[in-house]
Amino acid sequence: MAEEERKIIPSIIKENILELLKEEKRIDGRKLFEFRKLRIIPGPIEKAEGSALVLLGNTKVLVGVKMSLGKPFPDTPNEGVLVVNAEFQPVASPYWELGPNEYAIELARVVDRAIRSSGMVALDELVIHPGELCWVINVDIYPIDDNGNLIDTALIGAVAALLTTRVPEIDFSSGKPQLKREEGKPLPIRDIPISCTFAKIGEQMVLDPNKQEECLMSARLTIAVNSANEICTIQKMKGGGFTIDDIIRAKDITIQKAKDLRREIQKQVAEKARGEEIWKEIREVLTS
Amino acid sequence: MKKGEVQLLDEQKRRHDGRAPNETRPISMKVGVLDRADGSALVEFGKTKVLAAVYGPREVHPRHLALPDRALLRVSYRMATFSTWERKRPTPSRREIELSMVIASALEPALFLEKYPKCAIDVFCLVIEADGGTRTTAINAASLALADAGIPMRGLVVAIAVGRVGDTIIVDLDEVEDNYAESDMPIAMLFPQEEITLLQMDGTMSPHLFEQALETARQVLRNVYSLQVKALKERALKARTKVVL
Amino acid sequence: MAEEERKIIPSIIKENILELLKEEKRIDGRKLFEFRKLRIIPGPIEKAEGSALVLLGNTKVLVGVKMSLGKPFPDTPNEGVLVVNAEFQPVASPYWELGPNEYAIELARVVDRAIRSSGMVALDELVIHPGELCWVINVDIYPIDDNGNLIDTALIGAVAALLTTRVPEIDFSSGKPQLKREEGKPLPIRDIPISCTFAKIGEQMVLDPNKQEECLMSARLTIAVNSANEICTIQKMKGGGFTIDDIIRAKDITIQKAKDLRREIQKQVAEKARGEEIWKEIREVLTS
Amino acid sequence: MKKGEVQLLDEQKRRHDGRAPNETRPISMKVGVLDRADGSALVEFGKTKVLAAVYGPREVHPRHLALPDRALLRVSYRMATFSTWERKRPTPSRREIELSMVIASALEPALFLEKYPKCAIDVFCLVIEADGGTRTTAINAASLALADAGIPMRGLVVAIAVGRVGDTIIVDLDEVEDNYAESDMPIAMLFPQEEITLLQMDGTMSPHLFEQALETARQVLRNVYSLQVKALKERALKARTKVVL
Amino acid sequence: MKKGEVQLLDEQKRRHDGRAPNETRPISMKVGVLDRADGSALVEFGKTKVLAAVYGPREVHPRHLALPDRALLRVSYRMATFSTWERKRPTPSRREIELSMVIASALEPALFLEKYPKCAIDVFCLVIEADGGTRTTAINAASLALADAGIPMRGLVVAIAVGRVGDTIIVDLDEVEDNYAESDMPIAMLFPQEEITLLQMDGTMSPHLFEQALETARQVLRNVYSLQVKALKERALKARTKVVL
Amino acid sequence: MAEEERKIIPSIIKENILELLKEEKRIDGRKLFEFRKLRIIPGPIEKAEGSALVLLGNTKVLVGVKMSLGKPFPDTPNEGVLVVNAEFQPVASPYWELGPNEYAIELARVVDRAIRSSGMVALDELVIHPGELCWVINVDIYPIDDNGNLIDTALIGAVAALLTTRVPEIDFSSGKPQLKREEGKPLPIRDIPISCTFAKIGEQMVLDPNKQEECLMSARLTIAVNSANEICTIQKMKGGGFTIDDIIRAKDITIQKAKDLRREIQKQVAEKARGEEIWKEIREVLTS
């Protein structure tokens, strides 16, 4: 969140939010530890091997996965390569500018760590010739409407896009390996990481902060867990602190929320529409 | 394979996807699709999908870029990395930089920039999926997003590409046609004035066919214009409904 | 043209230009559709395989062509590579700054399209080993005095430089292919594109606008044609519009002007001086 | 080789360099090591060595970056090209950019930024040699350099990494442990408040061990805090000695 | 092949192009060659050709770069991509950045920067063809362009390279000599004061030969100075003629 | 030195410096042509093949040398590659900013020229397969406290770091050449260049200017010599001039100073401490 954005909240709303929080209520009617409504539209981008549009409340993120052939990293000759990148295009927020953005780097690195630490993608199955040729998975995250909590939305988006990803067949006939554009087999998936992001506002903590809450938060904490309920990524940011008790509480809530959220993602991804139907859904969802 | 080497029209002058020469792909226009932008639109020509967001008139940063006598119109046209078969690198290409300028010059005649000295009007176009005609799709989206932002306009800017296969003029080229047709001519017009605000061409075209292409474009653009008007009305209706509720 | 440059014209001159245009006259005495005087000095740069200094009135552009060996693009394994680039060094204008410039990108891309669409250079004759080794032609455009209409001047410069270009002999004896610096055979040329750039000022259109006219124009239109009088490139720029009639008129004038201009370029390139004589001419031309 | 594939603990729970699980490497902290900086420190955890310099509160350039209501805290974390086995390229990596932000967010709770509107406080951390734990070493160095610069602080920010080898929590991981331990959790606390101002984690850890790791970190950080206090006292003593002489 | 490995002088001390050791290449200096620049010059030493343009004193953008007590002198030295056998990439090299600074420091002693506080004087040198001695040729061109711009000067800055082949001092090295001579020493002097404003050296030279080289340079520079004066007179004459007509 | 830095001197100190110089005295008690105290701590960076921390008075520079394998330059197939680079990190000065810095480029290039022209490193002994494989020597200079005369300090640092540099053994067993991390044999050294930097302040010249003197100097001159007392690099900078007599005098002083300074460097490098002792020394030196 850009520094200037902190100022956008009228003080009357600010007071209102703080008052409500004292009674453990939130301005949009949610409970302290309740996510906004999640809607996933899997597979909208035909030219991407995997993709998903995710709406968490009014926060919208589009994620695409491109599969290509490359060289393994020298220190992991027996693994494919996974690269997570986020582009903060100003379509998503009046406070963003064109060009590289350090917040985009942080977002991408946190999503990357959650995917990697959970062992989500079986990278060891994505080597073709050890040390020479492997799959390169580019996960590109484009927020398109920033209404708070981009991290959780982006991780859901990345997870959903990876779940829809197909590994193309390779045609070696010409000497040079070429990708076939027809559908391939699914990407080998071993786990699904789920993150919960908490905002500290005054003495309270809330889950899945909206933009107004982000403007008031003194500190931010993201915890991700794998399906064995092991913690696999943590990221604390912003200029305030947490007590050890805050952290343990956040960890407990994360574990409690993760199971349902993981199931919800799997369900919505499985209900993938086909072709033109996908875009019909998108048009509806974006204008409703 | 090069321009002209793929058969793009069959004996019945049907195109590779079954369209008639002067038939566009299915077009969808949705206005007001984003929450944070002052104005926004999602426009689709077949598989080509472009999202546009508009901000402004607003303050210019850094200040020394502001113009004393009129608003600064800043346009960016960018392709998502996954919008093409080969992943596009995220750093803007020379093509993206040029098209940003060309699109700005297509939109400017519709605006009263002189009414907003020292301000900026910012237009961001993001190509979500690219299947030919991305710049014209972006112009349609930008025009709608500007209107959605409530920025006073002389008219709407409507765009389409026309091209040539042999002696036949085709409209709304998709990616295959973009690559193999003998010429490709994106064109934008301000409506209802029917003033040309963007015109580019690649490939070759005889003077005679060129005039025919301009006329064909004008006919098609009149239809696209009516789609823009319809999309704005839908949006207004929905907005009013929301207020009433 | 940089935005600030619009302001340089005193309003008395502005009025004057507009008044004259109403009578179809121009401030420098030209007719509406008349080019300024063209002077081409071919071959000034000995270390470039091709080069030309072009003066269109007071607008001066220096173009150099460097030939080197490289790899064909994957999608055109049977063609050489042509790269057009423009550098806007501030020697040419008080309004230009060091560093990348979007106007330079536009200029280069329009010149590139005109050369490419006209099929000027026989790129298919410039492959040595298909998919492996080919000629790379770098055309670098350096405006050195911007007095208006850089596009037409730059295209003439690029065309003239390509017409003077020699393809070096290749020495394969050392295993690695090396270029010999002696003169080689001419670059295979198939056509010559000619562009005409029009400025719309008020209700009038003029050909080959000078700097003062550029400062007043509401819109700019460039049309290029090949020797078969086919249109091969169009570029409209700046914040105004054209009627369809404007465009058709501009197309007709372009076809009418192109033949003479093409002949003039060929004639001046053919009259190439030798060695020291070239620079004697340049010194004269630049100080007269 | 991957996480978990190297034996990091022997049967006696000794680590590969002979340390006990909850034992840090030799720590050295020196304050006031540079002449031109307003505050500076050199902190070493074993072979990991970080130099920090602080300037400010001072004017912000360019001016439009200044905040109207508080100081701008700018932190840079950079690794010297020769600090690693493979030469590091001098252009900042994405990792360096992220860690600069994370370190800023670790230091900020200690500062009264609201007291210096329109000013900047600049913290520069240069990793001279990297052998694991560079971000936590940098935070310790930055905390001391801020104090050395005479900038009023709510407390000191103290940092250490804890990690997991099997079911054992280890503290202050070196490079080998960084690479092969099952998890790595850098943590910073503001002392004496014991508020957590940085927390990150890679790898995996069960909820139970996680709580144990937090508690272990707290114990170790209390010691590191006393080392920071001692280093500042040494510095004050020396400064006083100098004045007396 | 390395320094010293090519025979650059024959038995009669003739150089590879027939010149005597203290003989320059043919020199041409033309002033006022560009229309848009405030001052300009084209200077040639043999095949080395440099164009210089000067603007100013003028406003500084961005404003915060302006100096309160004197003008900012900004110099850029750039080589055209086609000026060398191998195409030069257009992004400025480290060499171009250093030489821009060194040339600025050669020109500054000639200028009254303190007379133009908050202004900029901008000097742009473009090497059109490079055949040895580009920085000294650029300094001669810049000196003339500054004078042509009507900027008050303490004198003219005159430059030449001297070098060593065995025990012989040679002047105005061309590219071959640049590559194979045992040393290369570009030097600039402010005339008529004969103050050294640029001095660099590569290769090796004994103290004795060094003093001889300085003296040789001084003699040659006196001639080059007279050529600069002549070029300015020619320009003045032409300007006057134009006015009379 | 950044332009703004000129202003940091209070005018009373400025007057004082100028007055003293008239009597050939300096504000820090040195003679006109006297270096500040030199302290070299060789070998502090274990992961670098060579390194040195150098203090010249209060000016402190850290230099590291990394050895890696690469390809010779095409025009010198029989030589290793030497790359000198300087990073101006803001730890060293309140006037430096993050990012590329033209003063850092100048510093690196002068140090590079002195090392190269003196023939210090026997690059011809650092080729493994001519034209194919050679040693690449990266010398990276990090000033950490800028109290004047970075050039001489950096050259001493680079020389000392190169003198401590070990060339690792290469393990060819895996097909790909790999470096062994154990100590190798010393880098082949043929000479040691020494530079003297002079500041012109008013009519006087002083050797090894401190920061206050640098703020007052009108011009700067660096002369480097090899062990045969041949001049091997010169660099004049800043906006003033020198007389020929100044230059000859500076040359004479350089030759006179170089011998002792070279011996001093060799002596201090030879007294290299081991392991933990090195850092004990550094802690002492930095806090004393």
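Think of it as A, B, C, D, E and F in the order they're written, each chain with its own count starting at 1.
Rule of thumb we're sticking to: contacts are C-beta pairs under 8 Å (C-beta built on N, C-alpha and C of every residue); 3 or more make two chains touch, one makes a residue touch a chain.
Only a predicted model underlies this, so the values are computations on that prediction, with no experimental measurement involved.
J.: Common contacts of chain A and chain E?
T.: B, D
J.: Which chain has its C-alpha centre farthest away from the C-alpha centre of chain C?
T.: Centroid comparison gives D as the farthest chain from chain C.
J.: If I rank B-C and D-E by number of C-beta contact pairs, which comes first?
T.: So, comparing the two chain pairs, more contacts are at B-C.
J.: Which chain maximises the distance between its CA centroid and that of chain F?
T.: So the chain farthest away from chain F turns out to be B.
J.: Between chain A and chain C, what is the separation of their C-alpha centroids in Å?
T.: Roughly 49 Å separates the two chain centres.
J.: Report, in whole Å, the distance between the mean C-alpha point of chain B and the mean C-alpha point of chain F.
T.: 58
J.: Can you check how far apart chain B and chain D are, centre to centre, with Cα atoms defining each centre and the answer in Å?
T.: 51
J.: By the touch rule stated above, which residues of chain C touch at least two different other chains?
T.: none
J.: Please list all residues of chain E that touch 2 or more other chains.
T.: 62
J.: For each chain, which other chains does it touch, given as pairs?
T.: According to the stated criterion, the contacting chain pairs are A-B, A-D, B-C, B-D, B-E, C-E, D-E, D-F, E-F.
J.: What residues on chain E touch chain C, complex-wise?
T.: Going through chain E, the ones touching chain C are 28, 30-38, 40, 42, 44, 47, 49, 51-53, 55, 58, 76, 78, 80-87, 90, 122, 124, 126, 128-131, 235, 238.
J.: Under the touch definition given earlier, write down the residues of chain D that touch chain A in their complex.
T.: Against chain A, the touching part of chain D is residues 2, 67, 73, 94-95, 97-98, 100-102, 104-105, 108-109, 113, 183, 185, 190, 193-207, 210-211, 214-215, 218.
J.: Can you list the residues on chain F that touch chain D in the complex?
T.: These residues of chain F touch chain D: 44-48, 51, 58, 60, 62, 64-66, 68, 85, 87, 89-94, 98, 138, 140, 142, 144-147, 181, 279, 282-283, 286-287.
J.: Can you check the complex and tell me which residues of chain B touch chain D?
T.: Residues 61-63.
J.: Hey, which residues of chain D end up touching chain B in the complex?
T.: That would be residues 62, 64 of chain D.
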